[in-house]
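In the part that follows, the structures are each spelled out as structure tokens.
After this come two complexes, each holding subunit A, first together with subunit B and then together with subunit C.
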Partner chain A sequence: MTLEAEVWNDITPIPQDDGPDPLAPIAYDTEYTKAMDYFRAISQKDERSERALELTEKIIEYNPAHYTIWHYRQQILFSLNKNLYEELEFVKDQIDNNPKNYQLWHHRQVLVEKLKDASRELPFINEILNDDAKNYHAWTYRQWVIRTFNLWDDELDFVNKLLDKDVRNNSAWNQRYFTIFFNPTKPTDEFLAQEIDYVIEKIKMTPNNISPWNYIKGIIAKSNKDINILEGLCKEIEEQNIISPHALGCLVDIYESRARNGSTADKEEGIKICAILAEKHDTIRKKYWEYRKVILVSL
Partner chain B sequence: MSTSEKPTHLLVDLHVKYIQSLDTKKDDLEYWLTEHLRLSGVYWGLTALDLLNNIDALNKEDVVKYVVSCQHDNGSGFGGHVGHDPHLMYTLYAIQILVIEDALDAINVDKVVEYVASRQDRATGAFTGDEWGEIDTRFSYCAISCLSLLKRLDAVDVSKAVEFLMLCKNFDGGFGSSPGAESHAAQIFCCVGALAIVNSLHLVDADLLGWWLCERQLKNGGLNGRPEKLEDVRYN
Partner chain C sequence: MTEFVRDKHISCLKRNLTLLPRQYASNDTNRMTLGFFCLSGLDLLGALESEISEERRNAWIDWIYAQQILPDENNPEVNEKICGFRGSPFSGLSFDPNGTRESRLPFDAANLAMTYTALTSLLILGDDLSRVNRSSIINSLKYLQRDDGSFTQTYQGMEADMRFLYCAVVISYILNDFSGINIEKAIEYIKNSQSYDFGIGQGPGEESHGGSTYCAISSLYMLNKLDEGLLSKEKTLFWLISRQESGFQGRANKPTDTCYSFWIGASLKILDKFELIDYEQNYNFLMQTQTKFGGFAKSIDNNYPDVMHTYFGIAGLSLMNVSGLLELDPVINISKKAKENLLNNCVFHKQN
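Moving on to the complex of A and B:
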């Protein structure tokens, strides 16, 4: 689009008001200046027209984070009854170029809310996650889509595939928790038992990957199971002579829980491991392990 | 620059000059493309100058005038720049700047309080950033922090706001942007900060969150924002 004079000859552009006391003259890209001057003029009279829509597109091309423009564009789209599926394509192109822009994702959500049709959403999000499997915006939006349109059924398979690809993807582990525990259908005990086995296998693959450790402790707490069920796993890792601060840390949790029930032997064992972590295997977190040790000593 | 040329102390004057110059780079397209967050820029510049004991390097009268000019025509919230839509985030920046400059009398505080309160969904306790409707715990923080600075927390339903924040607490002790969203250092700052302001820190699982937070530090000393990601100075 160019800012052809004949389309705009009835509009008096409003130049930039840079607030009181501007310190220097303006000399930036003239196309953008011109577009913004027209924008100020037509938004002031709330013009909702084809040319206004095109103008917003032009400004967005320059500056997709200009949130006021997006808001205005939305009002024009709805007033003119535009085909929102075409707008989904437009916003898709924008997100492809700016996948971490808040305005774009929210714009898409508003469109889909209005369309009441999420059929294009998961394939679209999958594409984005294919480029960056940890994109926070994409995941948050995905959760909204799944919850709003009740698309729980295939989500665990999707998460499985992502974890097969990258077992260190913390976003995928979080999505796993979301899929299982935010689902209106609650997981059965049998399912949870299988789930714990699944995570244990993943931990064995990468004992120094914090994500499944956090996750398994999370589901143990959520389902009121005992942290002691992880003792075998921790010992197995230890026996393989793999140095895993996370496995050792989990042993500290286990021994602390037993020390709280009165076991002095476990208390001593826990104190010993805290010292090893602080002095040898996780020195960057020395102070944390010393803190855990103080707690154990006080029991 | 060779090692011998590295400065051995903080070059305060140069930092101050640099911050002052940011408002004069109007030949750069970048200056204009960041127009929507100009007000944030003033806040960052001003707080940096304050830390450098040079707050007067930006003229108070100009700063206050500029902030007031970012307030929306209807006298409610503030936009990121003159003529931009009001938003909770920029409203917080505006109030923070005015408090730093001791200039709250330059605005109608009641109108701002009314605007912030109107952003709360009374059913869920959550806050929307603007009339567009985006919900995020960042906006809970903006609202609570802003009202606390204005000493008007009574204008919102604090217990509902806390309820929403707690729905965003995760299995790993951290917090995300919405219920179910992944724990993220920046969101944790917002949620824990908001809870601290309203005396609700007892709701945080301090030991679990403490572990999550200290686990953000990598062997090289840097910090990441989420587990198994690379370090980045913005999280320090």
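Moving on to the complex of A and C:
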């Protein structure tokens, strides 16, 4: 797309005044400078026209993070009563090329809020997550869509599929928590018991995967259960001669909580495991485990 | 490469301050922050005064003030919401080192992140903030806080999250006036954004992330609410310390990245637990993301440096007191020298 001179011949472009010695000036492409010079001229008059819309597209090509241009574009789209479904297609192409740009996702949200129609959103987000299942922007937007349009019903199935594909995907574990605990329908005790079994299975598959360990500790705390229920799992992993710093770290938490209730045997056991983690199995966190040991000794 | 190439970083940052390559056009509206990365990097390298003439430093101070939007008596209703600093002069007003009062441009507005990096850049350059219009900036914050306690970056209504909550808090801290923030709501937002693993996300329900965890911890520190705001300091410590793999990752099961040596490192520093990390592995990782012509890249397998990762690489090393670097204030994210300028010379602190 190029800017045609005859469309703009009634406009006097306004150059950027950067002063005598600007801080960190950018070596702009001539086309970007030209487009911005027209933007400065027409935005002062708040012109809302077809050519203004095209101009925003040109600027976005160079600078998709230009939040003011997006804001201007939204005002033009609404003033000209543009077909916002077409704009959804436009922003989809933009996001495909720039999946980690805040302004693009926000623009999509503005459009969907205006349309009050989220029917295209989950399929669209699925496509983006298919390329990068940990894209933070996509997840933020997905949570907004689910909350705003009450689309909770199929989300756990979706998360299950993602975890089947990659059990180390922490974003999917986080979404699991969101789906269960941010849902207006609260989970039953029976559901939570099954959920703990599900996570234990996943931990057994990959005992060195931190994500389900964090998750299970989280749901145990959330459902007011005792972390002691994980002792069996940790011991089982140990007995199979699998070295898992996460299982050992979990035992430290368990023993520390019992030591706080006065158990000397657990205190000694906890100190022993801290030493093993510090010296052998989690040496990058040597000083951390020594710190935990000092806490245990002081109890 | 195991040597820290200090001189190469100095020339790289000087080059960028003079002219950024064309691909930075995609950050045109964030130029103030790009400038901050270069200035603060040079400052941490102890090279700002020796490498940049006083005349040039003063010209940059003027350039920063030229981006300030001041109160406009002719149009107070609109103007109240847009005071502060722009990221660059893109909106089309003439250069004025005293700032501009014209508020009839419908698409001209300050931005919280740009106001934050304008103020820190001024402090780094040795300015006393005497040309900053404090009351108008503090007043504009009221229009940017949402009901849930979070902040948006401009009144034009972009996304609201933990990043801009931090910007609002640090601006108030620098200007020594918290009256523009509903502190109770801000604390509530931080509490609600703590995840089941006690890291902190950009908002409630979102995945724990090194950047948002830093923003939350640093904000709580400035508000003097660390004990109240962190649901479990020990568990947040475990989340932070678990991010070290050699350098640091920003989220569980994600690759290491130069910038998290700062985000996670500074969070630990604020919690007074930085000494628990493995210095040697962090140092070696950063020596591998350092590029031989100066600057830092995001990761080991990407050898193209950018100003953001260059700054955070230097800042990450400064947290470890690597020789040849000034000490960093982890809360405001400027050198301790620039922080002293704030406390001893700045007009908003001196008088108190």
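Here is the rule we use: the second predicted complex is superposed on the first by the 289 of 299 C-alpha atoms of A that agree within 3 Å, B and C clash if a C-alpha of one lies under 4 Å from a C-alpha of the other, contacts with A are read in each partner's own complex, and residues count from 1 in each chain.
We adopt the following convention: a contact is a pair of C-beta atoms (placed from the backbone, for glycine too) under 8 Å apart; a residue touches a chain by one contact, two chains touch by 3 or more.
Note that the structure is a prediction, hence the values are computed from the model and not measured.
Chemist: Once both complexes are superposed via subunit A, do subunit B and subunit C end up clashing or fitting?
Modeler: Aligned on subunit A, subunit B and subunit C clash with each other.
Chemist: After the superposition on A, what does A:A221 contact: first (subunit B), second (subunit C), both or neither?
Modeler: A:A221 sits against subunit B and subunit C alike.
Chemist: Under the stated touch criterion, which partner chain does A:K286 make contact with: subunit B (first), subunit C (second), both, or neither?
Modeler: In the superposition, A:K286 contacts subunit C only.
Chemist: Quick check on the superposed pair: does A:S244 touch subunit B, subunit C, both, or neither? Answer first, second, both or neither.
Modeler: The answer is neither, since A:S244 touches no partner chain.
Chemist: Considering only touches as defined above, state whether A:Y67 meets subunit B (first), subunit C (second), both or neither.
Modeler: After superposition on chain A, A:Y67 lies in contact with both partners, subunit B and subunit C.
Chemist: Scan A:I210 for contacts with subunit B and subunit C and give back first, second, both or neither.
Modeler: Both: A:I210 reaches subunit B and subunit C.
Chemist: Taking the superposition as given, does A:N174 touch the first partner, subunit B, the second, subunit C, both, or neither?
Modeler: both
Chemist: With the two structures laid over each other on chain A, which partner does A:Q143 touch: subunit B (first), subunit C (second), both, or neither?
Modeler: In the superposition, A:Q143 touches subunit B and subunit C alike.
Chemist: Kindly classify A:K134 by the partners it touches after superposition: subunit B alone (first), subunit C alone (second), both, or neither?
Modeler: both
Chemist: With both complexes overlaid on chain A, does A:D46 touch subunit B (first), subunit C (second), both or neither?
Modeler: Only subunit C; A:D46 stays clear of subunit B.
Chemist: Across the two complexes, find the residues of subunit A that touch subunit B and also touch subunit C.
Modeler: Residues 17-21, 23-29, 32, 36, 40, 62-63, 65-68, 71, 102, 106, 134, 136, 139-140, 143, 168-171, 174, 177-178, 182, 209-211, 214-215, 217-219, 221-222, 284-285, 287-288, 291, which sit in both footprints.
Chemist: Considering only the defined contacts, which subunit C positions touch subunit A in the complex?
Modeler: My answer: residues 16-22, 24-32, 34-35, 38-39, 56, 59-60, 62-64, 66, 88-95, 97, 104-109, 111, 121, 153-154, 156-159, 195-197, 201-209, 238-239, 241-242, 244-246, 251-254, 273, 275-278, 281.
Chemist: Subunit B touches which residues of subunit A in the complex?
Modeler: 17-21, 23-29, 32-33, 36, 40, 62-63, 65-68, 70-71, 74, 102, 106, 110, 134, 136, 139-140, 143-144, 147, 168-171, 174-175, 177-178, 182, 209-211, 214-215, 217-219, 221-222, 284-285, 287-288, 291
Chemist: Quick one: in the complex, what on subunit A touches subunit C?
Modeler: For this pair, the touching residues of subunit A are 14, 16-29, 32, 36, 40-41, 43-44, 46, 62-68, 71-72, 102-103, 105-106, 134, 136, 139-140, 143, 168-171, 174, 177-178, 182, 209-211, 214-215, 217-219, 221-222, 283-288, 291.
Chemist: So in the complex, which bits of subunit B are touching subunit A?
Modeler: 23-24, 26-29, 31-33, 35-37, 62, 65-66, 69-70, 79-85, 87, 130-134, 170-172, 176-184, 210-212, 214-215, 217-219, 221, 226-229
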